[in-house]
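Before any comments, here is the structure.
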Amino acid sequence: MLKATIEADIFRETIDAVSALVNECRLHVDEKGIRTITVDTSNVAMVSLELSASAFLTFAAEPCEIGLDIEKIRSMMSMIGKTDIVSLELDESGKKLKISFGGYEYSITLLDTKTIRKDPNAPNLNLPATFEVPGVMFNDAIKASSMVSDKISLAVSAETCVFTMNADGDSDRIKRELTGDDVHYLTCADARSLFSLDYLKDMGKSIGRAEKVQIRLGTDHPVQFSFVYAGGKGSVGYLLAPRIEAD
Amino acid sequence: MLKATIEADIFRETIDAVSALVNECRLHVDEKGIRTITVDTSNVAMVSLELSASAFLTFAAEPCEIGLDIEKIRSMMSMIGKTDIVSLELDESGKKLKISFGGYEYSITLLDTKTIRKDPNAPNLNLPATFEVPGVMFNDAIKASSMVSDKISLAVSAETCVFTMNADGDSDRIKRELTGDDVHYLTCADARSLFSLDYLKDMGKSIGRAEKVQIRLGTDHPVQFSFVYAGGKGSVGYLLAPRIEAD
Amino acid sequence: MLKATIEADIFRETIDAVSALVNECRLHVDEKGIRTITVDTSNVAMVSLELSASAFLTFAAEPCEIGLDIEKIRSMMSMIGKTDIVSLELDESGKKLKISFGGYEYSITLLDTKTIRKDPNAPNLNLPATFEVPGVMFNDAIKASSMVSDKISLAVSAETCVFTMNADGDSDRIKRELTGDDVHYLTCADARSLFSLDYLKDMGKSIGRAEKVQIRLGTDHPVQFSFVYAGGKGSVGYLLAPRIEAD
């Protein structure tokens, strides 16, 4: 059972964060709120999202699982006004979700949760460098880098405490250094890994809207991004596997 | 003979209303103004338009027929400034129309009116429900519906006096109900017909600019839309045949 | 050697003016500033550009030649903020140019200047009509004309001192006359030549940003456009060969 109302922009950020990586997901619903954890089809990236019941205007739920076609909801987004209140209601059969807003009633058929792959287990990773940077600075650097290359190295120097994003293309290079007030370290340690810009571009759009993104980085290890939204009542985590360095 | 001047935005709305359905039309000109009536190539939709001589800044005409390539004029629209005055002048041969605005002189070759199909006769229809809704609300619902389906049912309930637009797609559905202040009935009667969204999307753009659109609806009958523009000195009518309901 | 800083918008106008015609160019650098002169691959149009050292915020240079991949720099433009300061620095090998702005460091591999065609000699032309028109009016007329034709005639009448731009398409025609305050003659003489709109559209974008463009026109001769930018510290010249008139 689910019957809830939510502000349009929180609804939108929720959908956007997940749709960065996957087209469908299994939503776990209970009285505490909603959450999902899923990997992309090539097993390279993982997204986890939690949105507390208190982030909703009204929220009544009994534990259930919902199979969401994320793409379908995303295509409806342009209809939803910025200040609309979005109502969500699972129908009695549990097979359809009714989404209402601004005089509209939109009913979508849910996916059979049995057809959606099992929830992945979040791996335990030893990532020595942990720090925060403004989301918009991170996303801008990702956008710029993707103009010269398809991969980027993220690196922290324990000595200088500079966070360096470096994209080396065939003939050109873009380097972005964050230092001073732009980066706040929880633990500063040597770390350097190489990542595919394809995935980072998709994640970057959601990260770019966050005031701060926390980054956990190791050497030739996955990178972890986490940020909050909905006034701290929602949280998103991305995990991205490193690329093998060819050179 | 035709020699007239008109404000750019009235000229634009005139062209847009007709180009929603056809690429060419026969324009009837006389001292009272201009008018056209034409059906689309598949005979499913009809548009009629009248613009009174008083809607023009200056207007001098003798009865004649003009074969207009609507698409050609539409492609020039971006050149015309919002506050421009547009001059129209038929040349002496009657084969070219000179359109001048803002220092430009644009001369287009007219179509031979003999090659344009005969004016259709507006059918006499018995459409029991007649009501008005805001143009923008109608158009927004059309745009939303076309995301889930290619057809939409328009229905009025005599009992509740609710106007319901319902688009049922293969797996999803969008329903929009207009009631209360949003719909004004001249005659409230049971009516329900199914229409192709393809046509309604095109009509919707012009309807969306009208403060009010009058809708006349029957059961498994065509629907009629009519609205005014140019401060009431112009009027547009659309007629759309129903789709056969498969289910 | 080159080490200089420049405001983002002057940098942008410089790149745009040259990229209108060519994808690569040889930049001549010395203590007085930078300059380039180059023809497009089909030898129909020539662009020359000079930007004085005083247009830069800082400028230190020793005479050298730089082979620039203009397209590559153009694709980076969206990253540069409107109020950014752009730093340019040739590396010691002379094979890479470092472009820095807003915390970014962008390094591009330069082209071997030997692979870029020799600088053309600006021809000596006898073009009797010389006059100035607002850049934006010229560009608007070019954009409009390209909707009906792929060629345009530019003409001055010695008798009326009207500057006429006339694009004759297969069935339609656009004529734009500039007269009175819109055109300022240095020498008014009969002149008329026909040009390809393809080239003029590309030039028009840069010309459209100039307050005034000086035009030198002859009969069945090339046309010359010149305008200044960067507060008069930069100048651009375009030369375009005429088309043979078929009719």
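Worth pointing out:
Lettered A, B and C in written order, each chain numbered from 1.
The rule is short, and it goes like this: contacts are C-beta pairs under 8 Å (C-beta built on N, C-alpha and C of every residue); 3 or more make two chains touch, one makes a residue touch a chain.
For each chain, UniProt lists the protein as follows: A, B, C = DNA polymerase sliding clamp.
Because the structure is a prediction, the values reported are computed rather than measured.
Of all residue numbers used at the contact between subunit A (DNA polymerase sliding clamp) and subunit B (DNA polymerase sliding clamp), under half are used by both chains, marking a mostly different-residue interface. Taking only C-alpha atoms, you rotate subunit B (DNA polymerase sliding clamp) by 120 degrees to land it on subunit C (DNA polymerase sliding clamp); that is to the nearest 5. Chain geometry summary: the mean Cα position of subunit A (DNA polymerase sliding clamp) and that of subunit B (DNA polymerase sliding clamp) are 45 Å apart.
Shared interface positions of subunit C (DNA polymerase sliding clamp), defined as residues touching 2 or more other chains, are absent. If you check the complex, the residues on subunit C (DNA polymerase sliding clamp) that touch subunit A (DNA polymerase sliding clamp) are 72, 75-76, 79, 103-109. Against subunit B (DNA polymerase sliding clamp), in their complex, subunit C (DNA polymerase sliding clamp) makes its touches with residues 137, 140-141, 143-144, 147-148, 171-178, 182.
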